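Each structure below appears as structure tokens.
In the two complexes below, chain A is the common chain; its partner is chain B in one and chain C in the other.
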Partner chain A sequence: MSDSGSLGRFFHVAWLIMRKDVTVEMRSREILYTTAFFALSCVLVFAFSFVREGRAIEDAASGILWIAIAFSGTLALGRTFERERTNETLHALLMAPADRPAVYLGKLLGVVALMAVVEAVLVPLVGLLFQAPIGTHPMYLAMLLATGTIGFAAVGTLFAAMLIRARSRDVLLPVLLYPITIPVIIAGVRGTATLFSGGDATMARAWLGMLVFFDVVFITLALWTFEAVMTE
Partner chain B sequence: MSRRLFVPAVLAAMVMFALAPVFIAWAPRETTMGVVQKIFYYHVPSAMMLFLSAFVCGIASAVFLFGRRAAADRVAVAAAELVVVFGVIVLVTGPLWARKAWGVWWQWEARLTSTLVLWMIFLAYLLLRRYGGPGSDRLSAGLALFGMANVPFVYLSVNWWRTLHPKTSVVPTLDPAMRGAFWWSVVAFLLLYVALLAARLRVEQQRSRLEAAYLALDE
Partner chain C sequence: MNGSPLDFDRVTIAEVSRHFGRRRALAKVSVTLEAGQITGLLGPNGAGKSTLLSILATLAMPSTGEVRYGTVTAREGGPAVRERLGVLAHELHLYPELTARENLLFFGRLYDLADVESRTGEALARAGLTERANDFVSGFSRGMRQRLALERALLHRPRLLLLDEPFTGLDDASARSLVERLAGLRGEGAIVLVTTHDLDLVDGLLDQAIILKDGRVADVQRPVHDLRDHYRRLVGRGGLA
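Moving on to the complex of A and B:
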């Protein structure tokens, strides 16, 4: 990646891989429908434990939102790479004359796009069911969701790709992913909670800054390790 | 190398641990907490070894991942196991003290929570090692690298989260008269750590040698 030409190529490869993932997904919409439905089921289960006398307890809405995102995100990550595994296509992808980090970036973008669609359903629903004021700071909410999702998916994509050849990968993905992404979850939940509690956006901005910092560090680290981890 | 290190380290650690209770008994009694405070002489050095071991594991994993040195991987496994072992000591002695000092077994405070998360990351590392199947050495090296980079983030995020819900926790500053016994304990634990690491490393070396011998026999 010495000159702009190869940098352009890098992003072009990432873009192509993302487009491939989106195209494959749009044909069956399997992961999208199942993941979105799973997220709704999560919200329902949490509603039973966190709603007292018709109202959600304090700060519950942001917690429910982020747990649903984390759980459904894990499911989406697992399914996305399971599809590559059953079709033996990840092998082909890694053998392609493309930069490995570009492959990682493409997969990451695909996962983020998928999770974004699920969140587009999830956020209004949480706002509706738990009287969360999602409209007071829509920009900050969107940015918190975007940076949080990217951070979660950045670690998740690397780990899901790593685990593709491992035994008991289904259970190992959440086992590895949740302890590592704890800062993302804390920042996401607390940032969203300050927005939902109707306070000013200063605290949310601080959490947003942390999420951006986290994203930068973890994407850099993932781009750096992806090649070494994925080599046979 | 691990064998030459093991015997002196184990002997010195034994002597130091045998004498440690004497120094700890000599150290002045903390006025508010009394005898309960003495658990610190075991708790804090164990926590230090936990973080040291996590650091050793992270560095060794990076060397293994980018330098392709099998020896580094053996160090990483040994260190990861010791993170979990010292983590158990920390997480058992901590609540024992907290029950007396704070009145609760557990506080969602920055240091406690980040220690718990770090311990869980290395528990996940061992689970991956054990159940990940072939190739899990490379994967766990990646995990250790992320785990090490994660430590400041976890601390920072938990710290912010807690300061939003203010709750003071008094972490007592060390009385100069307690320093002798404290650093004695730290050195004792460091020697124990070195001895355990050397022993575990040796087991790992033997195991890989045995594996190589089996492979040679098959061919």
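Moving on to the complex of A and C:
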């Protein structure tokens, strides 16, 4: 980090960008509504398929929860960066006298905040439709969701920013994103399945540890490469 | 000029080339921009003006050659160089979902300006938007957005100001006002680079005219005279070999 970009300034810039993203979204609610609608539709369709006579197929709930998170997260990532592309405001952010990785962190926090709101609606719905015991280990469930979402969004934010000038960005984003985030999705699904099956929390802790590891690796790599990939 | 080596008096573009795959956008461009001067970057569409502006704005890197802001490159200077750049792009770098005041405050805070509130008020007044300060930018006309975007670019009092087609969408009065503003910035010692196709508006304003064609410097005119005729001779009707 350069002299002028002290750690405090770094996080202040990230905070400013996240706050701006949240303000813009609170006014338009465009991404929130479309993402939430998409995620809820996804869960409802799967519920018709995997719930028979009031009983869900074993472990279906966790898989469907994470599929909905991944799909709606991809939608949120695409729309968030489309907004920055329209008026080339991402260029304005990159030209600011701050370390460019702070821009990445700000965008990441904005996406995570958005996904968190969607998950706050999604998780109770999954619990209701699939009779998943979401209240058994609420802290572990929250931590699994938080670390999984951060890992997914960490990769997604980098790729969505990279693809901002690509003509077929909407197609390329999931093609690039899903293979890289497969470990995050698997750890999220298995950790959540452990909790939903009423098993002991030791296995969930192990999956949580893996998610923390992925988060650290993905965020470190993204912060390290962001400036290079964003400079044409 | 005082203090930091980044309070630069000159921007030196030395042998800058830029390729996108097999396509050459710029070929060995070498020019100098001086403090207290307004330079026009002219040329037909596809001449390489936007690519050169992107490189100067630190958004793109030259394939070969270098740009020096005073004595440092963008890579060496990092945020300290960017702090001294102001850019008015064709897309205006404004958030339509924010008000005029919120846009200026956001960018002012991003630039860590100490007196951001007072600067925002002054900028809104200069843009003639004090009455509309709390209106969303999405409801502004192109001319109003253009004026606001210019003030956004000038909010941190940049050393190097890059303007891409700044007269787009402005009515005659606003365009004349912008010309006067640019002349004022020259008086304050800023380095101003402006791309435009509206040669009549900048005739008499420019201290130096760089004419690009096919990614090469076709001519550097200094002092500038008979700009339109000179430009037509070089660019129009196959004037360049």
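Operating definition for what follows: the second predicted complex is superposed on the first by the 227 of 232 C-alpha atoms of A that agree within 3 Å, B and C clash if a C-alpha of one lies under 4 Å from a C-alpha of the other, contacts with A are read in each partner's own complex, and residues count from 1 in each chain.
The working rule: contacts are C-beta pairs under 8 Å (C-beta built on N, C-alpha and C of every residue); 3 or more make two chains touch, one makes a residue touch a chain.
Here the structure is a predicted model, which means the values were calculated and not measured.
Trainee: Now for A:A120: first (chain B), second (chain C), both, or neither, which partner does it touch?
Mentor: neither
Trainee: Check the residue A:N87 against both partner chains and state whether it touches chain B (first), chain C (second), both, or neither.
Mentor: second
Trainee: Does chain B (first) or chain C (second) touch A:S28, or do both, or does neither?
Mentor: Second partner only.
Trainee: Look at A:M95 in the shared chain and tell me whether it touches chain B only, chain C only, both, or neither; answer first, second, both or neither.
Mentor: second
Trainee: Given the touch rule stated above, what does A:L7 touch, chain B (first), chain C (second), both, or neither?
Mentor: So A:L7 meets neither chain B nor chain C here.
Trainee: Looking at A:V45, would you say it contacts chain B, chain C, both, or neither? Reply first, second, both or neither.
Mentor: neither
Trainee: Which chain A residues come up in both lists, the one for chain B and the one for chain C?
Mentor: After superposing on chain A, chain A residues 231-232 contact both chain B and chain C.
Trainee: How about chain A: which of its residues touch chain B in the complex?
Mentor: The touching residues are 155, 158-159, 162-163, 165-168, 172, 175-176, 179-180, 182-183, 186-187, 190, 203, 206-207, 210, 214, 217-218, 221, 225, 228-229, 231-232.
Trainee: How about chain C: which of its residues touch chain A in the complex?
Mentor: It comes out as residues 54, 57-61, 78-80, 82-83, 85, 87, 89, 91-98, 102, 106-107, 109-112.
Trainee: Show which residues of chain A lie in contact with chain C when the two form their complex.
Mentor: 2, 4-5, 9, 13, 16-17, 20, 23-24, 27-28, 86-89, 91-99, 231-232
Trainee: Note which residues of chain B are touching chain A in the complex, please.
Mentor: 65-66, 117, 120-121, 124, 127-128, 131-136, 138-139, 141-143, 145-147, 149-150, 153-154, 156-158, 160-161, 164
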